[in-house]
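Below is one structure, written out as structure tokens, with a few remarks after it.
Labels run A, B and C following the written order; every chain starts at residue 1.
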């Protein structure tokens, strides 16, 4: 038995660190988001306004960035699912001796520095990058394709970055599908595709959901890759927040946007939790 | 001199009472089993003795010392877990040495006592192995060696044999009993297996739903069960609903439907509804049947299980009893349809008050 | 999706999957190629091979001090996260804390809140408290973003533990701390190594929090690469990246050899 007093003593140090360096800072951002930004002077004292939040909804540019961010999240999630499922299936169900090497090849890019991976994509996708160079050398195109500073570049880069997360979640999900149930369906006369569609896919649905939520949340929160592949002009929410703080010094707008982004991720996670519970047959 | 004493020992989790006011005294060197179905509170008692669960009420005395509030590491007990709980990252040697090292035993003395403990469980030469390299039975022995090496004042066993296969279990029963006699260590053994409890123990405590039903010698438990629960839990019982026909002295006759049986001991009033427990092995069979003083019936099913044969016998009024005989001789070869007479000694007819809750 | 009768992947699935594996490695290979290429932009085939970029980078004090800063920060935050995270996870695991579930949720919260939000929140907080640009502030920020990985892996490792093993140690005379140190800790070490490695890499990788908090004198390697890419492609960046790629690969293989790392992701 360790007693409650001791338990609290063990949790307290980490609790204090998180309270002091995570919870307090985030809470102190709340008043800022209701403050008024005065160009050149910073935040006006004693003025409270909902303007920063109202602008997120009414301002066309902000709206465009938010929709772009959400669209990017959906597109990257879908791409990761489509690309990830076959690989996850091969790892989970393929030859035993391939398993560990394949998993390591999935983990390796995931552990690699994000900046390095994004840099790799710049080298590939830039106007004078490898892809355009190759295509022009082969005479396929005359002028470079625009592969960066737009949706295409962000899609490719972010899909590459978050694909490993999806694959690992799917591997766990597929391995949890009981082979007996599949065999039972097959003996009952199902075709292979029908077994997959009626047994394997539904039974791996919780993993698909978990992986999708993870990738979606990571994508809409991403700063580094969108900034490196999108440049200073093609913005998503995270890069917009970055610019509000670092370039425009408009902290009130930046903090309101921060809370909007946080609200989006929390809402998605909360919703997925409800869906998962419903699947599990709980109220 | 008493080695271990429980005084009104009890444990509740909120509203749920797991152990209710258990008091008993275990003598020095005695082998005591706590027997009962899962969830009866026997393991909770063991864990309270070990210091792993804090009692809600009552006291535990070890010799003269009150150990009720002592942390487990200061009780000086040995505990063998159901899962063995060997340290998987340590060698057999280090597993056995663990308790000795905590008692600051070192050097040649440590070596000697580890070897001694391993020799006692016949695992000399296994010191360098890791637990995962051993069979289940060997792991069991390491767990015992680890528990006895520090020479505990009391040895506790939590269903230690339940993970072994039947043959190994019988072997270990005998070996454990011998080891306990040699060492003379007071032992508290928790089990749900009545065979284990009856064959190994000096005394057995039968528990149900947190209540100590009976604490007595194995013979007493078997022949003179104190409650309907004990009567029906021990042996292989036939349970019949009936009533007291009449009383004569300590005994009398009981009636089940139209059948009357003599019972050696009846505590209930004449005419009272009762539960009658007759053990399968206490029913004698005679081929042919129809004798005056015996109950007659027809065999409906024969079931052979090696050393024993069981018959389902249908009596008058459709009452069925199971009778068991050794699997050799003429009695073992009766076929369904054969008529038999049942000999049931008055001592074998156990009369219990009807106890709705007892099951 | 086609699959054999016994649920094994068919040819189409295998080929698609292997193509995805190649896709995952492509930018890595490109970076390595660029590091050895004589031209500042890449061509196939490369026009010439050189080690000059490595020489340039390794002789550049900016890169070296950024690398040193990154390593100090990663080591420090990993060590702190391990100490704080393991003790907290242990208490939560033993259910000796009221409201364990709520506390666990709070400990995991830094994973849920977007890193850029943590970054700007700390930027404002440190500006107000005077910690902006300080090493301590940066270190604590990295503890906040790395500790969930440690807590998660510690909780997972503890969940796989037979509670009786620690109880056995207690009954054999070990104090609570001894039982933890001699039995529990060695048994969860592989999981902690994995969690610690994740924490280390998360710290070493981080830009979205770090970039708001660094001072001009103490930048980290990823932030340095991030900013220099804004200036344009520099093969020096490729050389530095290649060094990181090789280091990551070696660490991953060592972790796999020693602890079967793939089991913990």
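Definition applied: a contact is a pair of C-beta atoms (placed from the backbone, for glycine too) under 8 Å apart; a residue touches a chain by one contact, two chains touch by 3 or more.
On a predicted model such as this, the values are computed, not experimentally measured, just so you know.
Asker: Considering only mean CA positions as chain centres, point out the chain farthest from subunit A.
Answerer: Centroid comparison gives B as the farthest chain from subunit A.
Asker: Going by C-alpha centres, which chain would you call the most central?
Answerer: Looking at where each chain's C-alpha mean falls, the closest to the middle is C.
Asker: How far is the middle of subunit B from the middle of subunit C, if each middle is the mean of its Cα atoms, in Å?
Answerer: Computed from C-alpha means, the inter-chain centre distance equals 55 Å.
Asker: How big is the gap, in whole Å, between where the Cα atoms of subunit A centre and where those of subunit C centre?
Answerer: It comes to 17 Å between the two C-alpha centres.
Asker: Can you work out the whole-Å distance between the CA centroids of subunit A and subunit B?
Answerer: Each chain reduced to its C-alpha mean, subunit A and subunit B end up 59 Å apart.
Asker: Residues of subunit C touching 2+ other chains?
Answerer: Subunit C, residues with two or more chain partners: 176.
Asker: Could you say which residues in subunit B touch two or more other chains, in rising order?
Answerer: As it turns out, subunit B has residues touching two or more other chains at 51-52, 71.
Asker: Which positions in subunit A touch two or more other chains at once?
Answerer: If we look for residues of subunit A contacting two or more partner chains, we find 1.
Asker: Spell out the residues on subunit C that touch subunit B in their complex, using ranges where they run on.
Answerer: Touching subunit B: residues 162, 164-165, 167-176, 178-179, 182-183, 186-187 of subunit C.
Asker: Under the touch definition given earlier, write down the residues of subunit B that touch subunit C in their complex.
Answerer: Its residues touching subunit C are 50-52, 71-79, 81-83, 85-89, 98-99, 102-103, 146-147, 150.
Asker: Where on subunit C does subunit A make contact in their complex?
Answerer: Counting only subunit C, the residues touching subunit A are 1-9, 13-14, 16-18, 20-21, 23-28, 30-31, 34, 41-44, 84-85, 87-88, 90-92, 94, 96-98, 103, 106-107, 109-110, 112-118, 120-125, 128, 140-141, 143-144, 147, 151, 176, 201, 204-205, 207-208, 211-212, 221-222, 225-226, 229-230, 233, 237-238, 241, 244-245, 248-249, 251-253, 256, 261-262, 265.
Asker: Which positions of subunit A touch subunit C when the two form their complex?
Answerer: My answer: residues 1-4, 6-11, 13-15, 17-18, 20-26, 28-29, 32, 83-87, 89-91, 93-94, 100, 102-109, 111-124, 126, 128-130, 133-134, 137, 160, 163-164, 168, 179, 182-183, 186, 192-193, 195-196, 200, 217, 220-221, 223-224, 227-228, 232, 238, 241-242, 245-246, 251, 254-255, 258-259, 261-262, 265-266, 269.
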